[in-house]
Structure formats: structure tokens, C-alpha cells
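Next come two complexes built around chain A: one with chain B, the other with chain C.
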Partner chain A sequence: MKITQHATDTTLTLALNGELDASSSVLLDNELSKPEILRTQKVLIDCQQLNYISSAGLGVFISHLQTFQDANVKLVFFNMQEKVRNVFEILGLDSLMTIVPSEADAAAV
Partner chain B sequence: MEHAIRISCNRRNLKVVRDFVGEYLAGQQLSDVLVNQLILAVDEVVANFIIHANAEDEKQFLDVRVTILNHEFGFEIEDGTASTYSPGLYQEPDLREFVRVGKKGGVGMMLVNRIMDRVEYSTTGEHTICRLYKTLT
Partner chain C sequence: MAVLRKPFSLLGIAALLSWLALLAAALLYAHPGLGGVPYSTPAGLILILQALFTAVVFLYERKSPERLRGVDFIGLLQRMLLGPALLAVSSVGLHQLLQMLLPDYTTGSVLHTVLYTLNVGLFVLLLARTNYAWRTLMLFRSSERLQRQWVAFELLLGATLLLRLLPYTPPAGLSAAVLGVLAAFGVYLSGRQKWVAYLSRRQKLEAVLLQLAIIGVMGIFVAYFLYTRLGFRMVGPAPQNAFLLLNAFFASFYALMGLLVTFFNLPTAGVFEQKREEILSMQRLTQLIQRGQTTAEVYQMFFDSAIQTTGADAAWLQIEAIDEEDRHDLYYQLPADQGSAIRGMLAEFNLGNLEYFNNDLSGGSFRQLQLPFGSLMVMPLSSSKRQYGNIYLLQEPVQAFDRESLSILQTFASQTVLSIENLQLIQASMRTQRVQDELKIASAVQDSLIPKNLPIDNWFEISSYAVAATEVGGDFYDFLHLPGRRLAVLIGDVSGKGVTAAFHVAQMKGIFHALMQENPLARNEREKYPVPSQFMTQANDALGRCLEKSAFITASLYIIDYEHGGFVFARAGHCHTLYYHSIKEEVSYFQTPGLGLGIIRHDGYEKHIKNQFYDYNPSDVMVIYTDGIVEARDAAQDEYGEERLQRMLEESYYLDADQIKAHILADLHEFTKGQPMHDDQTLLVIKFRSAQPEAGH
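Showing the complex of A and B:
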């Protein structure tokens, strides 16, 4: 799992590349745990190169969602492959989290 | 026809098991979504055995076997230790509550149970076996 960051004054974009499982999810957890992330307005997760997610990866997003909401930080997923989106849908997480088709859609949220 | 692999209890081997299952399913003319679901179900059970049942003790091993019979896919994960996991006590978690309290774990078996048709655990002596079944028509 590689995580590439791009930040503007208001938005932090994390591009995930690889497989997010019980072995690699700690990397993402570390990124989302940084205190400065709560000073941004939006965290965009680019999932184009995310080929796999297990419950450990989902758990990282679940565990940070309330903290983000309390800090008025929007968490938005975009470019998600169908098989990855399906994993969110199996649990109904697509109704608890914001998943949009493209980066332009994510920017407009 | 049966395919099998043995791994040590290190979470880095989760990828090894996923590749093993994926290579077997690649020849079965299944959709990407379904292949991913089956890989995920096996991955979740193997992760539980590695991390929770064996505390990532690399001296311990798991055997993973894949079978297909009459359109039914079977996945068998055998642990050389007696598990304390009791599927009879399993209740589906409330995800909104997990979000509220910031809980990281606890949705793996929810995925497995929703993906597979049958999930069976058995313990014999010092061995625990989890069997997952999915029938495709």
C-alpha cells in the first residue's frame, strides 16, 4: 500500500495505491490520525488504484468518521472500483459515507 | 479437485492466501465482484486465525483448502490450535454505533456471513476448522 498526499489550503487528497488489509491498514490509520488533518475542510480519498479492501481497511474509516464529522471535516471517496465499492455496499457503509464517481464530483461536495 | 496451501501465522501471508484463492478462482469465469467477495471472505477468516487465535505466532501454521463440487465453492481454513471463537454468540453489530464510538474492528465476520451461504466452525482436539460455502447457479 502506497499513500500519496496532495494538500491545498482547504483539502487533503490521499491517493491509495494497492491493497488495504490487516497488514497495511496501519499506514492509513497513521495518516488519518494526524491532528492537522482536523484543520482541513475536506479529506478526499482517491480510490482509483485501490485494488482491495478488507474489514481492517473499512475499520480505519469507520473509526475516524465521527471525529471528522465532529470537526466539520468532510470525508469523500472517489474513483472507486466496482469491486471495492461492493464491499462498502455489503455492509451498508455507502449510506454512511460519501462516495462519488469522480474527483470533480468530490470537489463539488 | 482440491487446491491447498500452508502458511505461517504472519499477517504478511494474508496477501499470499488472497493470491492463492484468486489464482484458483481466475479460471472459474466469475465476475470481478464475486471473485473479490470470495477472496475477502477467506481473507477475513484467515486474518482472525492469524491475529486473534494465534497472536501472530509464526511458529503456528494454517492450512487453506479450496474445492468446487456441483457449482458449490468450498473454502476450508484449518488452524492447529483450538479456537475460543463461538459463532453461536455472534450478533450483527450496529454500524452506526461503531461510527459513534470510533470502533476499528468487528465487521469482518459480518462481511463473511453476508457473502457466504454457509459458515461452519468445528473444533476437534487441538484443531479448529472453519468451512465457507457458496453455491453459484
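Showing the complex of A and C:
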């Protein structure tokens, strides 16, 4: 699992590369737990290279969901592979989180 | 009779008889016609009888059982001295006393002859006992060769006994030569004193005294035989008596040699004992680990051994404590502040935690500490993993420690570290064992939560499969019969694995059984039991308070009403239900929305969960499962997937529930062949049948 960051004044983009399982989700959790993240307006997750997400990986997003909402930070996923999107949908997360097709769509949210 | 049971006791009786014969012969020789017996013994017969007696006594001693117990050499010497030697000396003393008190009466009297003959007998007995005691000592842990040499010596000595039978007296030169050669043999054998090395210092002192006593006893006999005048002599330097002479010589000389060897060994006895003490300490240290002692005991043992073997006047075992329980510092005759001062001084010179010895503390930097000690030795306790501490040993004199004691201490230290680390390993493995035992219990508890008896009825078939990837799993399923011919089926999966997940499984089952109770306040039949979406909302509420933030649970609850031939279910983020519709002859997934439990923990969950109603038909098949099935991977890391599962049902929907399950599992196992199981797997197959009217309906 590799996480690359790209930050602008208002937006933080995290590109996930690889499999988000129990061990790699700790890395992601560290990134999302940084206090400065709550000062941005939007956190964009680029899922183009994300091949697999385990329940531990989902748990990381779920655990930060409330904090982000309270701080008025939008969490947007884009470029999601069908397989991964299916996992989000089965769990019903698509009704809680914003999942859009492309980066342009994400920027427009 | 008891004596007859032992064969050598026959020899004992023979010895007694031959002595009596010798006595009779001696009396008749010295006092011809005594007691009216008209016979005078020829001198040659006395010698022959004496030789016979001697031979029998020596054979008796030779056949006697080994008198040495273990390495109790002192005991052997003591028994010999307090037994035959004391007896013989007392008898000689008695004879001398009588001669002094009653000179007229004794000389040439019958009593005199009797006592003399008795003393000769006792002397022979003492010689035999002494020589065979020496044999024991000489052959102690000896080579085969030495044993053969001893037998040769015995045979040669035995041959000299036959000299008495010779009809003529051999020339003096020849006798002397024979005697000389045999004496030299005895001297050679007397050099074999290996046993002395096994004595402690104290025992060596005792051995010297005992051997002096034995030589003394021999001296008494020589004097006795020289000064006792009698009409005849049974003991004397005549060639006929070569055997006794040689034996006496050997007995004395071996004692003398032993005495000298022991005596010259005395100064080194201390060193031997120290070595022995070191070996014993090392053994004790090693045994401590085997007995599973504590770290504190190992340190104490090391501390005591180090002080004992180096003869230190003061000592400090300084242990670097990691936590409170790890405090094992030990002091011996050393105030803590002096210890710290030494440690501080060494650290100042960058000598902390290093092997160090200083035999002159009165000079150099140590002078300013004004310690009442002259010598210091420091040995670190360390392994490649950890620095445990140091031992400081002090002695009052200067030049008290040497390289030798440093290397002994080093051996002790490494043995101690080995013991400590072994103990840690043992403790760690015991902890692991305990965790494993607890997991086994958890596994058993969880196993008891899995429904053992599947519901049986004539309107459906049901077949189940559940395997956990680890000891305890996060998958669960359960059944509950509700009144009104209804059945509740719950399936679910707790995120994460292991004990935490297992606890949530138990919790979820508790929630299931608690919520699926009849509501006494219900206004109508329908409200008596919660519908699935209500159940999920209430469960989400209950779980929200105890699940950790990143954990969630997926579940599906089905309430099947087989009176009316329909079911209602809600899917809380769980895998889609696979279904065979017999009317449409089609296999598909129920696509219903629904959010997992524990994801949102405030009000509003009910908006994310829906009930789905469906009227089933006979021969419909419902396949419910957990993600461990569809996310199972093959060697290429591809997932089993929903499509493949669907195809399996398409191939097998017409079979029994058991057979459908077997068909799916066979394919799944083929797919995942050789791959480790990553997640728990649960699979339930329910096949509806046309309801048969029950008896009485």
C-alpha cells in the first residue's frame, strides 16, 4: 500500500495504491488522524490504484466519518474500481459517502 | 546356620580350624607330652601349619566383599584400624603386660605359648586385611594393566609361602635376591596412590594420621616379634617366613608412600577444594534453571557463588532494573554509597559495564574514595540482547584477585545470563501457552453459540456450513422459532477477527434473542415481534454504545412465515441474498439497500434500512452467506465472486439443500485449493417445499 498526498489551500488529495487491508489501514488512519486535516474543506480519495479494500480499511473511513462531518470537511471518493465500489455499496456506505466517477467531478462537489 | 549360606564363611571356619591345629602343634612342640599326649611336634610341621593358616586367612580376605563404600577411603582405613589392628595391638599389649608383671610365670609357660600363637594369628589377619585394603586403594579407578600386575604380585607372594615346604634351606644369596626383587615389586606398586586426589583437605589430614597409626601398629609387631623370646619362632627373617616378611614390608611401605603422597598433597588441597566448589556452584546454578526457579533466586545463587569462590570480603550485585519488579540488587558487607561511588568512578573513566580488576585501590584515583579495601573486581552480566548489570567484588588485601578468579567469574556470569534468559523464554512460552489455552476456551464457548440443531420442519430443508479462519471467528448465524409458524434466521459478520470480534458475535446473539421477544404492549399480532428493519435499528442503537469506532457489523435478518408462504428480510450491509425463483426459473440476487450496523451511531439509522417482502414458492432456494465465501481467493489472488456463486446455484437448484451446499463447497474448495483461509466462511442453504399439512390440521 502506498499513499501519495497532494495538498492545495482547501483540498487534500490522497491517492491510494495497492490493497487496503488490516496492516495498511494503519497508515491511512495515521494520515486521516492528523489534526490539520480538519482545517481543509475537502479530502479527496483517489481510488484508481486501489485494488482491494478489507473491512478494516472500510473501518478507517467509517471511524473518521463523524469527525469530518462535525468539522464540515467533505470526504469524496473518485476513480473507484467497480469491485471496490461494490464493497462500498453492499455495506451501504454509498448512501453516507460521496463517490463520484472522476477527479473533475470530485473537485466540483 | 547363617554362616554356611555364604561360601567364604567356609574359609573362615577353615581359618579357625587351621589356627587351632597350629596352636595344638605349637603347644606340643614347646611342651612335649602336654596333657598326656605322647607326641612332640617336629619344627617343620609348625611351619607348614602356619603356612596353611596364612594361606587360608589370605584367601578369606581375598574373597571378602568389597569393603570400600563409594569414595569413603577414610572409613575404610578407620574400620581397619579400629577392627583387626586394635584387636591385635590389644592382644600384644596384654601379652607384654603379663610378661612384665609375672616374669617367672609366663616365660616358657603354656599361657605364654597360647598368647604368642594368638598374636601370630592376629598379625596374619591384620596383614591380610591391610594388604587387601591396599589392593582396593591401589586399584581404585585403575587400568586393566595394573590389575594384572597386582594379580602377578599376589601369585609371586603366594609362591614364597611354598618355600617353607622346601626340604632344604636355599643359599642366603638366592633368598635375598628373591626377596629383593619382590620387595622392589611392592615398592613399585606402592606408587599407585590415585585415591589421595579424591580426599578433601580435612580428609587428607585424617588419612595422614590413620596411616601413621598403621605404620605404628606394624612397628609394634616387629618389636614384639624381635623381643619375645620363645623356644621356637614362627615369625622371623628366615627364608621360610618370606611371605609374612614381604607382606609386612608391603603393608608398611604402601602406608608410608600413601602418607607421603597425602602429606605433600596437603598444601594443594585448598586449590582442589576450590575447584570442586566452583564445579558444584556451577552445577547448582544450572540446576536452578531446570527446577524453574525465579530470576531473584538465580541472582542470589550467582551472588553467593561469586563471593564464595573468590573469597570476597564485600560485594554488590547491581542490576539495571527495567521496572519495579525487576529490582534485584544485592549487597554483602558493602554500604550502598560505597558501591555507587565505585560505580561512579568507573563510569567516569568509561569503564562502566566492562570487565575490570584493580589490585591496588590504595593508589590512583580510587585513593580519594578512601575505601577500606585493597582489591576490586568487576564483571558485567550481559548478553547480546541486554545489559543486565554488574557484580562488584572487593577484598581487603591488595593483590587479592588474579586472572584465574576473573575467568571463573566470567564463566559464572555467562551461566547466570544464560539462566536468566532461559527463564524469560520459559515464562514467555508459558504466557503464550496461557493465551492459547484461553483461546481454546473462547473457541469452545463460541462453538456452543453456534446452533447445533437446525430447525426441522416439513416445509423446508436447511443445510449449513461454518468454518472460522482462526480459533475464534467473527461470523455468526442463528435461528429462532416464533409463534404463528414463523422462523427468524439471522446471519452476520463482525469486522475484524479474533477475540474482539468473537465478543461482538456473542453480543449480537444476545441482542437477537433479547429483541426477538414478544412485546406485551403490542396492540395487534403484527406488532408482537419486531419486523427486520426495526430489529436492525434497535440493534444499531445497542451496538453503537459498545463497538469501537472503526468496527462495524453486517447482518441480515429473515423472518419466514410459512403459514402464509412468504418472508420479510432486512439487509444491514450484509452480502446480497442469492435466490432461485422456481416460477421464473431464474437465479438472481436480491438487490436491496441497507447500511451496516455501528456505522452511524446517532438517530437516523432507520432511514438507511429497508424491509423487503417476498412470497416464495415451493422449490425456491435461498442461499445466504458471509463475505468469506465470495472473497475467497485462488492462487492468482482472484476472488471467488458473486457470479461464480450464482452459476453454482444455477447448476444445482433442483437438488436437496444438502446437495446444493455440497456442490457450492466443492467448487469453492477447488477454487481456493492450496491457499490459506483468510476469513471465516459461513453458508446456509434453505430450500422451500410445498407445505405438508401437519397432523391434526
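A few notes on this one:
Assume the second predicted complex is superposed on the first by the 109 of 109 C-alpha atoms of A that agree within 3 Å, B and C clash if a C-alpha of one lies under 4 Å from a C-alpha of the other, contacts with A are read in each partner's own complex, and residues count from 1 in each chain.
The criterion applied here is as follows: a contact is a pair of C-beta atoms (placed from the backbone, for glycine too) under 8 Å apart; a residue touches a chain by one contact, two chains touch by 3 or more.
The model shown is predicted, which means the values in this text are computed figures rather than measured ones.
Between chain B and chain C, it is B that contacts the larger number of residues in chain A. Of the two partner chains placed by the overlay, chain B and chain C both lie in contact with A:Leu58.
Applying the stated contact rule after C-alpha superposition, one finds that A:Ser23 touches chain B and leaves chain C untouched.
In the overlay built on the shared chain, the residue A:Glu82 is in contact with chain B alone; chain C does not reach it. Of the two partner chains, neither chain B nor chain C is touched by A:Ala71.
Using the contact criterion defined above for the overlaid structures, shared-chain residue A:Val109 touches neither chain B nor chain C, since it reaches no partner.
Judged by the touch definition given at the top, the superposed model places A:Ile90 against both chain B and chain C.
When the two complexes are superposed on chain A, the residues of chain A that touch both chain B and chain C are 22, 29, 55-56, 58-60, 62-63, 65-66, 83, 90-93, 96. Chain contact summary for the complex, chain C toward chain A: residues 493, 495-496, 549-552, 554, 572-576, 593-596, 599-601, 608, 627, 639.
Against chain C, in their complex, chain A makes its touches with residues 22, 29, 55-56, 58-60, 62-63, 65-66, 83, 90-93, 95-96. Residues 11-12, 14-15, 18, 32-33, 35-37, 39-40, 43-44, 47, 50-51, 95-96, 98-108, 110-111, 114-115 of chain B are the ones that touch chain A when the two sit in their complex.
Of all residues in chain A, only 19, 21-23, 29, 52, 54-56, 58-60, 62-67, 82-84, 86-87, 90-93, 96 touch chain B in the complex they form.
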